[in-house]
Each structure stands twice: as structure tokens, then as C-alpha cells.
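Take this structure first; my questions come after.
Per-chain numbering from 1; labels A, B, C, D, E, F, G and H assigned in written order.
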Amino acid sequence: MRQLEEYVDSDVIIVGGGPSGLVAGRELGKTGLKVLIIERNNYLGGGFWIGGYFMNKITLRAPAQEILDELNVPYSKASEGLYVADAPHACSKLIGAAGDAGVKFLQLTLLEDLVVRDDNRVAGVVVNWSPIAYLPKEVSALDPIPLETKVVIDATGHDACVAKKLEQRGVLKLAGEGALWIEKSEEAVVEHTGEVYPGLVVAGMAVATVYGLPRMGPTFGSMLFSGKRAAEVAIEILQQLKVS
Amino acid sequence: MRQLEEYVDSDVIIVGGGPSGLVAGRELGKTGLKVLIIERNNYLGGGFWIGGYFMNKITLRAPAQEILDELNVPYSKASEGLYVADAPHACSKLIGAAGDAGVKFLQLTLLEDLVVRDDNRVAGVVVNWSPIAYLPKEVSALDPIPLETKVVIDATGHDACVAKKLEQRGVLKLAGEGALWIEKSEEAVVEHTGEVYPGLVVAGMAVATVYGLPRMGPTFGSMLFSGKRAAEVAIEILQQLKVS
Amino acid sequence: MRQLEEYVDSDVIIVGGGPSGLVAGRELGKTGLKVLIIERNNYLGGGFWIGGYFMNKITLRAPAQEILDELNVPYSKASEGLYVADAPHACSKLIGAAGDAGVKFLQLTLLEDLVVRDDNRVAGVVVNWSPIAYLPKEVSALDPIPLETKVVIDATGHDACVAKKLEQRGVLKLAGEGALWIEKSEEAVVEHTGEVYPGLVVAGMAVATVYGLPRMGPTFGSMLFSGKRAAEVAIEILQQLKVS
Amino acid sequence: MRQLEEYVDSDVIIVGGGPSGLVAGRELGKTGLKVLIIERNNYLGGGFWIGGYFMNKITLRAPAQEILDELNVPYSKASEGLYVADAPHACSKLIGAAGDAGVKFLQLTLLEDLVVRDDNRVAGVVVNWSPIAYLPKEVSALDPIPLETKVVIDATGHDACVAKKLEQRGVLKLAGEGALWIEKSEEAVVEHTGEVYPGLVVAGMAVATVYGLPRMGPTFGSMLFSGKRAAEVAIEILQQLKVS
Amino acid sequence: MRQLEEYVDSDVIIVGGGPSGLVAGRELGKTGLKVLIIERNNYLGGGFWIGGYFMNKITLRAPAQEILDELNVPYSKASEGLYVADAPHACSKLIGAAGDAGVKFLQLTLLEDLVVRDDNRVAGVVVNWSPIAYLPKEVSALDPIPLETKVVIDATGHDACVAKKLEQRGVLKLAGEGALWIEKSEEAVVEHTGEVYPGLVVAGMAVATVYGLPRMGPTFGSMLFSGKRAAEVAIEILQQLKVS
Amino acid sequence: MRQLEEYVDSDVIIVGGGPSGLVAGRELGKTGLKVLIIERNNYLGGGFWIGGYFMNKITLRAPAQEILDELNVPYSKASEGLYVADAPHACSKLIGAAGDAGVKFLQLTLLEDLVVRDDNRVAGVVVNWSPIAYLPKEVSALDPIPLETKVVIDATGHDACVAKKLEQRGVLKLAGEGALWIEKSEEAVVEHTGEVYPGLVVAGMAVATVYGLPRMGPTFGSMLFSGKRAAEVAIEILQQLKVS
Amino acid sequence: MRQLEEYVDSDVIIVGGGPSGLVAGRELGKTGLKVLIIERNNYLGGGFWIGGYFMNKITLRAPAQEILDELNVPYSKASEGLYVADAPHACSKLIGAAGDAGVKFLQLTLLEDLVVRDDNRVAGVVVNWSPIAYLPKEVSALDPIPLETKVVIDATGHDACVAKKLEQRGVLKLAGEGALWIEKSEEAVVEHTGEVYPGLVVAGMAVATVYGLPRMGPTFGSMLFSGKRAAEVAIEILQQLKVS
Amino acid sequence: MRQLEEYVDSDVIIVGGGPSGLVAGRELGKTGLKVLIIERNNYLGGGFWIGGYFMNKITLRAPAQEILDELNVPYSKASEGLYVADAPHACSKLIGAAGDAGVKFLQLTLLEDLVVRDDNRVAGVVVNWSPIAYLPKEVSALDPIPLETKVVIDATGHDACVAKKLEQRGVLKLAGEGALWIEKSEEAVVEHTGEVYPGLVVAGMAVATVYGLPRMGPTFGSMLFSGKRAAEVAIEILQQLKVS
């Protein structure tokens, strides 16, 4: 209980500790904002550790390699405009950089519900200890905990877990995966990154789920840029909140 | 297949990517040696991500905080000689530092067997893709691959997987967990870190299993120092090999 | 069969042997009413044994500590108006007190259906031996047994199992968990405790499910007071039945 | 962690919170000794809640009903010298009485190992949080905790979990269930209750396993008396320890 | 394949080899009709072997004991108008009597679909070997076989498997279990036994499911009489078919 | 409990209700002896219901068809000396005939142990309710019950469950399946049927397991004759017991 | 990745490597078209290996034996117009013949989605590695791959997996199995083989699912002819595409 | 039953339908011998369908490509002396060629035991239907069937199932996998192919298990040649049998 106190007071809560969530967290943290990343697994980084094809490498299209430069991660040029880096090296450096920027992490943490105020605004998350999913009912009776905040970012990947909570309440409609067939889905993910409900920003592959973009398009580069864009949108929302 | 080529030629192979293996790898990498860490999971760091009590914190007794200083990980003083750091921050920085030192990583990789030459010396590992354990027999017929090297470090934790392969062949006897009851088991782990069979060094909690030290004693501090010690021992072995 | 005879004739049947059901049972028993508590598990007390955070402690806000005084359970003051007691001690004393008040218990008993008379009134429960859920179909063919009574109390916690049986028949609509976001959900649970359908009273966390109160609010104190309130409501219903 | 401090300093640790362990704990607690009962389940009482035949009743042969008198549990006479009581009432009153006597309880706690000193004496238990057995390996890495004490009582029933730990170390040999066929096994359990290794007392059905008594004989009466006997033996051991 | 030939040509197919199906089969067989009983399990008799309460006894209300007289099964009088017999003795004698009457049996046989002709009449069953449900998909590709007949009797108990196939096609609506609460459900089952769709007769507990009678009422006596009634109805249908 | 009384007093207990056990039981019952058959499943007959090849037919070599004549089961001649009967008809008639001879049945009953007296003689069985194997440990604590008798017959098929209990105690050694290769294993099973330990007779396929006969040889004919032989041996033992 | 290049450029993609898919592939390949067959299992042939009744034989009605003549598979005449062949021989020869005709195979490949262009035309498949279904979520994050083509053939058997993807998008409605009862379902399958949506042809048992034909009718002969017909239809579509 | 008659009379039974078993079968069949291949799966070919690295390709070192020439399977040259072929094409052609040579196949067939005569000679196999492993015990009672023959070839791969049956009887000792470390294990497999017990020849990877060769060495080329060698050895044994 006491241990949670340091996490209670935050400006932005990011759900999902994969690449887009980590980049968003780092960008926000660098501006001095209080950021908390909650993650279902025991580790951070998600699928970033092994890349998209079990090959331990990540491939990035220009200009995404500039983010690797920021993180001091070495890479090689595979072909014109295509760069390859060791996935575990890039992944650990990105997490470390988020931590250096002051981001706090809460792993083994499951999103159970959202705090939605009377003014129809997402104002926090309700979380629980994720391992209780494995426990028998008699022992799993652990009460969830609300964490209030100003902006929530859904960086939970294809599952779009946060957006789906709003769909269950009937206030948001997801297009479903693969509804649209567009060639440039990688760019589309970055372009569609944004606020989908007052107080909720979607980033990374969750964008594809919300807007029905085909699954196979977006790559790690677009996830990193989507994270940057999500941070910008969150900052704008926070400024508007301060004004109003 | 081709992807494995860069891993085939190494001076030291470390089995297990937890804290002791990562420190050993970083120390060896800094000297210019070629080091490969193989890890069963998709991510590196093992139990380091959540600490020993699900609290996302690691506790270190002096002078282990000096290693955090090396890694630029912030920490606070809990009491005299006892320091506390954020586990995910420390973990990611340690992995990143090993990568910076040139260590290569191969996750989702299972140790199947050891290469033991006629001269009764461990001369490599035989590995496979760990997810095949989940596949039905018809599909799991993936041939293992031998990776030859000069020194192997067993950093697989309580399981002591590498040492157990030698026990199965009848050339090494493990004491079993908890056989001895000693108060200072934390120090004992560092002291007993060393070569247990020609070409095989044990580090971290694998030391406790080999020598029967009680499980609850050693903490993250001793694992980090054990990793440092294992690197020193491996360098000595490599020097002797060069001489002979 | 014969063993069930002593349970057949009761004034009130309480479904669920957790804190709110036990308090309700004890209050009713003290007035001389015949009370039967049926419980799915082999033991009574439910989540009361370990408290809400696996810590073996229960926390109560004033004036809930007065119920501990009634039960002769020691407690300490954590802060102004906040009291802490050993969970297993409080739990066993509460069960013992219900037994002292003449309450009968039937564990390993599952609610299969409700007896609903032509006058649209809950008039009993249909139960079965709960372990048959684990048996293979061939062996699980155990006929259920009806137990008639005057008032049923749903003290089954978040599942609100009894109320849900009425929802399946289309005569009651549950709001669903977390539909409303209110700060004072603890008090709201006690206030909403009452008769939701002729002959059915809801108590404890089942109230939250019926009215859509957020899950994380209510604590053990409100469950105990909700049990007291449910007993008062049941007594009123019984008096009206006698009159009519 | 902090929460465990109150449990660290005890005179006797009883493993298993069933009837024999509870009686032993209450007797020891009444003398002012510090007693801790650890229990694998979330609740105390074990099979006492449902009796031996799923019938919610316990049957006791005289003079065991005197213990019910001590606990203020009502009972009826089934035949000459045979008494019947409601199992959940008796069970909760016994737990409450142990708590009244100052016994501390630690549920969801698994015995992992024993502390055995150089002087070949059981000097404590090594425990862990029992739900980790349900967790996947990646998340279950919770370090065990040693709890030192002066006497350990094995009240774990047929499993005789504590005695088996000594058998694994090769210092105690269990006879195995049903090795002997004796008619008066109920009395034999009480008679054989005692110290089987320096610092370890066995009580209840664990006695039957250690000495090979047939399983069907002993009943709840003998378990209660065996608990009383175990408390007497433990007090003798503690007095001898004080002398030496 | 060849083995099925003797079953292909039948007047009545009864789905389910429990008490009502067996009685119906025996009655029909005694008139010289060709009857086939198909049964999902490897054995016939269903829940009749153990009775309704795991007690190996069946209880019958007068005049159902007359059926036991017909079968030469001994019984005793429990109270006025209530008779008790050994379940396995009665069960095996009933199966044997059906066989003596010329009934053929096909166990391990699952109903997959119904043959429904253009004239909206059930004209057969489509069956498969029931153990394929346990086989992996690659091996379970066993083609089903149609068995044509004149009348089908649904004696599948609470599941009412045959009637449900018609509900799936939208031509029959089942009331659902427990929709009605009537005291005399035992008699109601016999009264409602009859043709529910051209060519389909329901018998035994399947009647309760089709008409929404409460589950706990009907007993073995009503199942036996329902089987007799189903046979009468089937004979009437066959006579009408011959006429038309 | 009370329900078991009628089973407590028996001359012979047969473990396993398949064809050899049923024939043995019928033969013994016809002489007026008190016989109890205990069976693990809910139904009697075992594999007899479907024959050896899922074909619902049993094949018998002469003169085994004479047993079918005794039971009034029709059969046809497949070739010279080879007869075929409907398996469910034959099976139910055999069970019914055993019941007619006064045999008592106890299904859903598991052999847990044997009663072996000081005079090294099997003097009873210790049984439990077999469905507890499916229940979770917390609920499965059902005390076993001893049933004393004069002779026990092991008719448990290939498992030879009774004989194995003696092997576990080290007083009987089973040859293991398939140790010997003999052509006439069908006759060998009947010849070897007999007493293998004072008070224990083996019958049917259990004989093959005890003596290492090949599994594919014996058929239903030899099982029926082995049951007859076992009855003869049991009668001899009972006569000797009376003499001594 | 590179390994997939040779499969990327194809004229027709056939989903499902059973008999109808193989015949269709062979016919198309013989005309010089580029054909790719994707198959979920590790092997090709599907249920063809064991025939429809576990008997290792396939039965064909005339004139389907002519296809065996083409493949040089021996067969025997069972009765007039009915031919029997060894299933594994016929199956392997058919696969070999498809390979000889230039067909490429991609096993262990799962259909995840379809590429549907703006012009409402199926223009490719989205596939993944089928074993990921067995992997835990953390490791199964393998990105799917689009394979574009001109015509897709659904030869997935009763599941009609490809057609179902269109049903999920609401542009195609399947009749459901067994909706129609027609005697000549074998011929009906061949007659209904054809294009059901621009760019999608259905073949084999998938035809029965789309049009609601009864499952037990069609046999291997109709599957082979349906494959031939599907190839003809695909060629017509390709010619129209070339024209337009 | 009747269906098995054609398989009963054979000269050689090969257990395992992978590449070495298929080549051995084809070679033996070409000489006019009667050969039966039994296979656990529903399909033949084993791991040959996907090659050793999930890549759908097989790699062969010269002169193994000559076997592809015999089978009319196209291949390409990867480097000097190294050839690559499509795995499904090569696999189906090899099975087809074995069928063309008169080999009979029995899939879904499990080896249960061996027939070992008094003269200490393997003289047949005892088999069962492999899917019974998935069935519950009550339904799986399918009697095994002996198939007598003159020579048995163990082509079951790493499991060496046939050789292990002899190890269980204590007449053969397997070295265990990886006991020896030799570089040229591919050649060693072919060299060690031979008779390991009178009447039993080992082929393919079963050779590696029997002699302890490292697992990763042998490839498809050595398996094909080992099959050829096994056929030669079997012919020699048959000639010696004819002589004696």
C-alpha cells in the first residue's frame, strides 16, 4: 500500500510499456512532467526484445534511425534508408532512457477499469496486480486501486485495452482490425495518433485497432514516432486543462 | 541459420541473462573479449525486473551500490549501508551497459546439451529455440545447433542448468539446496564463485545450488559481485588456455 | 437426505457466508428467528480471512470497531478513526458468534435456482452439492433440492449470484460494476442495502453490483454495517408477511 | 516485509492450522508462550469445517466432548459415549479460542525448508507465500523467508510435511501409511504424539504417517487430544532448553 | 460399415439409453417393432446405476413398483406407497429385458443432426462415433452416418439433445429449465410426454426441459411411466403413418 | 454411513465388476454365500459393454457359449466353435443374474488399501468414494472405510490393483505384462487363476499381469471361465478356514 | 523473410492442401500458371491419408477412378462402379503430381485475413506461421505477411475458413451445415463449385458449408472432381481479368 | 479385423514412416519382399515435410542427391556438394515410390510390445490403434494385435521406440543421447546402421540414440543412406534365416 504512494500523483499515466509507450514516457518526462507507465508483464519492452520475426533484430526506415542516435544505440545500414539494430540493446537503452527522464514504472499491473467523471472525461485508471489472474478464486480477492491522473495514453498494442473499456461503456466505437486496406499504413498510424476521447490518447498499434488499419503494415519506426506524437498531444491537452 | 553466424565465434558463452550473467558479460566485454549471453525467455534481466518481493525495488548492501554508480542508476539510502533502487531502471541500465560493452544476446534460446571434448573439457553448448517446448511433437522437430567456445559460465540461477548437465553425465555432484545452514550465505556465494569443471564457471544463485547454501540468504548485491568474480575467473582460464 | 431435515424449516436463508452474511445471520438469530447460511466453499468467512490485500489484517473506519467490541476481538488504532485487527481472529469470532446465536450453516452448497411462486415472490432456493462441478458428467447427476423460506438474503459478494438468477428470468436488471463513479461508495453500499424484489434482500458487495457502484470503494466496515441493515430489512418483511 | 516482523520472534511454530495444531497452539498460548501457526490455505481449520464425511458434523468419543465444553460449543449425545456437534460452529470457536490465547496466524504460507543447525536440531522454518505455486515461473521468483524458533510442531495431517523434509535429508525414516494394522489406532495416535527429532514434535494424523498407523482409525477426538499432548511435549522441550 | 447394416432398418430410434428410453424400447419391442437405442456412453442405463443421490438405491412411489414386479427385481417398502430397490440390480434387469424384447443397442454413438424431409417431418438421425470428441482434429475426421426411421424418441434427459436440434433450426422452442414452478412436476412429466414435432416424441426428463418444469421434481417412477407413455404415442404415430 | 452397514458383513469381497468378477460373484452367490462386488465406475460390466474392438459384439470360443445358455442370451455361430453375441445384452443379463443370486454391488468405490492381519493374511479391504479423485484437496478429505471379509478376489483386469497393493508392501512380486510369450495364453489364464497370497485370489486379466502372460491372448471366454474357477478356489479357502 | 520471396508472386493461391485443393493446384499448374497452396498442418493431404472411416482405404464411385489412372495409383473393384485404393498411396501420388506440375507449398501457414481492395475484389491473403497458436502471448507476437494474388480458392473443407472471413465482414452469407436435405449431395458439391465472391472460388467440402448441403453425402470422388471444376473456374476468371 | 488380414503376412515390418523407414521399405519392396510400415501419426513422412528448420526445404550433401534423381525430384545446387530440394515435393515422391514398390502402410498404429520367442529372437510386433491414447480409460480398452514377421526395423527416430522395448526387458543397453562427441556423426549413423539384437535392425536417428552420437550432426542425407543400409542388412538376415 505505502509503496503505491509515490505513483499516486502523476500528470500522465501510460498503459503499456512497449516501444510507443516508452518513447511517449521519455518525451513527457524530459519536460519535467510526472509520468507513470503501467505494464501487465513483469518486464518492460514488450515485443521490442525480439523484433517482429523472432530474429532479435529491429528494422527501421529513415528517419527513425535518428531516435537510435538519441539513445546511443549502434546500428547498421541494410539498404538505402533501411537500418538494422540489435533488438535487446535498443530495447534496454530505451527503457533506461525513460528511467533517466524520471519516468516511474509499475509492472505486473493490470488495467481493470477507467475512472470516468461526470464531465465525461477520463480522469484515471483502476488497476490490480496482474498475477491474480492465475490464482484460484478463493485467493484472488485482491481489491483494485484507483490511480487518478490528467491524461491517459493507450499504448497497449493491438489489444487497445484502454479504448476497449470505453467501447464497453458504449461511448467509443473501434473500427476493428483490417477493416481498411491501405498501402501506407505505417504513416497512417503516426497521423492518426491522437486524443480519441477527452483525456484519452491512443498511440502505437492501438491506433491501428481503433481506426481499422491493416495489421501487417506498421513497424517499429512508426511505433517510435507515434510515441513522440502522443507525447505532443498529451502536452497540448495538459496546457488546455491549465487554461480552463 | 545465417543469422546465427555472428554468434558462432565467441570467447565466452554465458547461459542466463539475469544480474550475475549480465555483470559478468559486461566485465568481459569491456576487456575486448567476444561474449554471448543466451537466455531462455524473450527478455533479459530475469527476476531483476521486479526484485525479490514483487515490490519493483532492489535492495543492496554496501559496497554493492558502487555498481549502481558505475551504471548511473539513482538510489536512496534506506538505512546505514543499505541502499534501494528502482528495479526496472537498474535492470535496463545494466542490460544496456552490457550491450554497450559489445556483449551479444540470444534470447528464446534453450540449453539442450554441452559439448564435452575427449580431454574432459567443456568446449561449447548445444542450443535450441526455446518456444518449441510449447509446440506439439509433430511440429517441434527443430534440430539443435552447437555453439563452440572457450569458457562457459552458468548464470542460470537456482536451477544451475549447466552444472546439472554435467551431473547427468556423472562427472559433477551438486550438493542440493539448503544442505548447509550458514548465516553469511551472501558472502559465501561470492567466495564460492569459480570453475567447477574444466571450462565451466558457476555464478550467482547457481553457486548456492552447487554448494548447498541456503536459498534465502543471497541478495542482488551478492549476485552482482558474483558476476564480477566469474568474469575474473574466466579471464584467468582464458589466459591459461593461451599459455598451454 | 435425513441430514437436510433440520435445515428445511427456516425463516431466512442467507446465500454466502462472508462478513455481511454472517453479521446479518447473527443479528437475525439473536431475535430468535431460524436462519440458515448456505456457502459454496467448505469453509465460512470468505475473503475475510486474509483481508483485502493478502496482509492478514482488516482495516475498519469508525464506528465499525464497535462491532469488534461486540465480538471481543482486540484491535489497535492505526490513525484517527482507523482501526486494525487480525483478520483470522476477527473472522473466526464472527462465525462463532453467529453459531452462538443459533444460525445453522450448510457449506459446499451451490445455489442452482430460486423458487418463485405465482405471486411473483421469492419463496426459497434450489441448491445442490457444490463439488459436483468438479465431477465428470457421468457421475455428477445429483438431483438438486428445494429449500423453502420466507426471506432470502443475497450476500454472495461481487457476483450477486442470487440477484443474477432474477436477471436471467428478466424480472430484475443489474446496473453492472463501475457504471457510476462516486467517491463515497462505502456509505452508498449501506444506504442501498434493501429489498430489490419481493422476498429478496441484497447485502454487502452484491449491493455494489446491483447498483453499479465502483468496486474499490467499499471496505470491511461497510460490509458489516450492510449485514446489520439487511437483518433489519428482513425483519420488517417478516412482520409485513405476518400481518398480511 | 515489515508485516512479518511481529511473527519473527516466537517460542513455538506450528505448521498446519487444523484441529490438532489449533489445540496445541491454544494450550501453549494460555501459558504465555509466543506461538505462530502457519497454514497453506487462506483459511484455518482444514477438514474440521466439514467433518470426515461431508456431513457438516463432527463425532467425538468421550471424554473428548470435554474440550467442546471448554470452547462453549453445544453438542448432542448420539449414543452412550458418542457426541455430535456442528462442525462449523466447533471449528470457528476453536480458532477463536486460539486467537484469544494470543496465538498469531500466518495463512497462505508454505513450508519450503527447515532450519537445521550444526547441533542437529530443528531451529526454524523457511516459508514462502503459497499462491506462488499457481504463478508462472517468470513471476513466481519470490524469495523465501526464514523464521527461527525453539520448537516446531508438525500438524500437517497425513502429509506430515515437516517430518518429510527431514526424511529427504536422510535423518528421519517414516513408516508409511497403513504399514501396521491395529484396531485401537485412535489411542495409538495420542500415545505416539511426541518429539521425533530434536526440536520437532509431531501431532495429529502426521503421527499416523510417521508410525504407519492405519488411516481410517483416528478421529477428531484423537486429533484434539494429540494437540494437547503435543503442547505438553513442547513445554517440556522448552524447559530443557532453558536448563541447558 | 458392414456392422451398421443390421441397425439401418428400424421402426423407431430412441436417442438415450437411460430408464425412460429403455422402458419405451422394451414396450415397443414386445409388439414386434424394430427398435434401435443409441447411447453416447459405452454403457447403458445412465444415472439409473447410482440413483439420484449417489446411494446406489432407487426410490419409487406407487404404482411404479409394478414395473419392478414385471422385471423380477426385489424391493422393500420404505413407507406407505414408497418402495426402494437396489439400483444396479434394477438397472441391469431393465436393460436385459429390453434386449430380451429384441431391442438393438448402439453405444458410443453421438447424435450429430436430424434428417428432416421436405414434408417437415423428422425421418431419421445422423450419428457419429462419440469418442471422436476426444481426438485431435487431424484424426477426428470421421464421416457421420444417416440412419433413417419412422419415429424418433428423445430420451436424452435434461439436455433434450434431439429437441434442441430442432430449436437450432428455428422450428421448435424450448421453455427452459425451471420456468414454471409447479408442485406436482412428477405427474406433469408423464402427462406432457408426447409428440412435439411430426416424427419426434419426447420422454423422461427431456419433457421437463421442453416444458420448463422444475428440475428437482420428477423421479425414477415418472421416468419409467413416461417411457411407457412414449411407446404408446409412437405406436399411434406408426399406425397413422400406415393409414396415410 | 448407515447405508454401508448392509455391506459390512460379507464372506467374499470381489474388487472389480467386469465379466470375471461378475461370474465369480454369481457362482458364489448361488451357494448362499454373502458376496460384495466393489467397482470404481458408476456402472458395472467394464469393457464387456463394447467388446474388445468397439464393435458392440463379444466373441466366444466353445464351450464358453454354454455360459450364455445359462444366462438366456441369444447368440449366433460365426464359424465352427466360435460364437458371437450382442455385448450389451450379454453384459446386462450377466449383471442381472449376479443380482438375482444375491450379490450386492458398491459402485463408485475405490480400493485404497488392504487389511493385512498379523497372521499375514488378507482380511479385508479399505475403500473410499472414487469421485474424490476429481475433487480439489481441500474438499476431498473423506475418510476411508475398512470392510472386513474372509476372501478377496482381484478381478480388476490388467491393472491387478489388489495384487499391486501387496507388491507395494514387498510380499508379492508381479511378473509384468508380456514377460512370457506363449501361444495358448487364453487357457493359461484359466489355469493360473488361484490364490496368490493367503486370502487373495486373482481372476481374469489380473492373472495375466501377475504371471506375465501376453496381453492380446485372453478373450471374454477365458474371463468367464476364470471367474468360475476363482469362485471354486474361494469356496475351498472358506472351507479350510472353517476347519481351522 | 527471404525464403518467402519465391511465394510472393503467384496467379492463384489455394488455401488448404487436401484432395480438392491438390487436384485444383495440379490442373492449374499443368497450364503453366503459378500456384501456391498454403496449409495449416505440417503435412499435406489432410484427411485423405486415412480415408473417411479410419480404414486407410478410399472408396471412389465411377468415373472418379480415372483420376487414379492419371496418377498411376492401383485400385481394385469393390462392386459395379465402386473402386477402392490404398489411401496413403493415392494421397502421396496426388501430392507428388501437384509438385511435378510446379505447384509450390507453404505448410504450417494460417490464414489470418484477406486482402480486399476498394473494387470489392479478393486480391490476396494475409498469413502467419500456424504454430504461434501454441505459443504464450509474450512470444507469439509474429507479424503476419500479405501475399497478393489474382484468384483465391477456398479448399479448407467443412470449416470454409476463407468464405467465413467474408462472412465476418458481412459481404457473404453461409447457409450453414445440413440446412438442406438432398439425396444427391455428392453431385451437388461438384455442381455448386464456383466463384462466390469476386476473386474467391470455393471447392470441396467448403461448398457444402456455403450452400448447406448435408455433411455425410460427399465423398472423395466428388472432392477430386470439385477440385477439377475449381481449376476451370479459376482459369475463366483469370482470362476475364486479362481481358478487362 | 478383416481389414488387418492383408498386413498379417509380411517379411519385414518397419516401425516409423519417416525418411529412413521409407527408403528401407522401398528398397526391400523392389526385391519383391512383403513389407509393412507402421506409423503412429495419420500421415507418413514425419519431419521430412518441413525439413529441420521450419523452412520447407531439405539440404543434402553429395552423393545423397542421387536418391533425389532416382525419385525424379528437382533440386538446386546451394554450394559445391550441397543440394537443396522442396521438402513436401521430395517427401510425397518418396512415399509414392515406396507405395509403387508394393510397400503396405498402417498409420495411426502404435507399437505396444514386441514378440520375443524362446530362441531370443524378435519375431513380431504387438500394435494398437494410436488414437486410444487420447480416449478416457473407460473407452480405450481396445485389445492389441500381434503381427508376426521375420525382421523388424526400428526407424522411429530419436525415440528409438523399438530398441527401448528391449532395454525395458533388460536385454539391450542404449548409450543415451550425446554421450559421445564426434565431429563426423553424419557418417557414423550410416556406419552403425545394423542388427542390434537378433531380428531387430536400427536405422536413421534411432542409431544415434542407441550409440550415443550427438543429435545435431546427422542430416537428411544420412537418414536416406541409413535406410538403404538397413535394407541391405535385413536382406542378409532373411537369407541366413532361409539357410538355417
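Throughout what follows, a contact is a pair of C-beta atoms (placed from the backbone, for glycine too) under 8 Å apart; a residue touches a chain by one contact, two chains touch by 3 or more.
Only a predicted model underlies this, so the values are computations on that prediction, with no experimental measurement involved.
K.L.:
Over half of the residue-numbered contact pairs in common: that is the test. Which of C-D, B-G or F-H passes it against E-H?
P.N.:
When the residue numbers line up for over half the pairs, the pair is B-G.
K.L.:
Could you please state the distance in Å, as a whole number, between where the Cα atoms of chain B are centred and where those of chain F are centred?
P.N.:
58
K.L.:
Suppose each chain is reduced to the average of its Cα coordinates; what separation in Å results between chain A and chain D?
P.N.:
Whole-Å distance between the two chain centres: 50.
K.L.:
If you average the CA atoms of chain C and of chain E, how many Å lie between those two points?
P.N.:
So the centroids are 41 Å from each other.
K.L.:
Just curious, how far off is chain B from chain A if you go by their C-alpha centres, in Å?
P.N.:
Each chain reduced to its C-alpha mean, chain A and chain B end up 31 Å apart.
K.L.:
If you look at chain D, which of its residues touch at least two other chains?
P.N.:
42, 50, 54, 108, 138-139
K.L.:
Name the touching chain pairs, please: which are they?
P.N.:
A-B, A-C, A-D, A-G, B-D, B-G, B-H, C-D, C-E, C-F, D-F, E-F, E-G, E-H, F-H, G-H
K.L.:
Which chain G residues qualify as touching chain E in the complex?
P.N.:
Its residues touching chain E are 41, 46-47, 50, 52-54, 177-179, 181, 214-216.
K.L.:
For the complex, give me every residue of chain F touching chain C.
P.N.:
42, 108, 131, 134-136, 138-139
K.L.:
Okay, in this complex, where on chain F does chain D touch?
P.N.:
The touching residues are 1, 112-113, 115-118, 126, 138-139, 141-146, 169.
K.L.:
Give every residue of chain B touching chain A within the complex, in rising order.
P.N.:
3, 42-45, 49-50, 54-57, 72-73, 86, 88-89, 91-93, 95-96, 99-100, 104-108, 129
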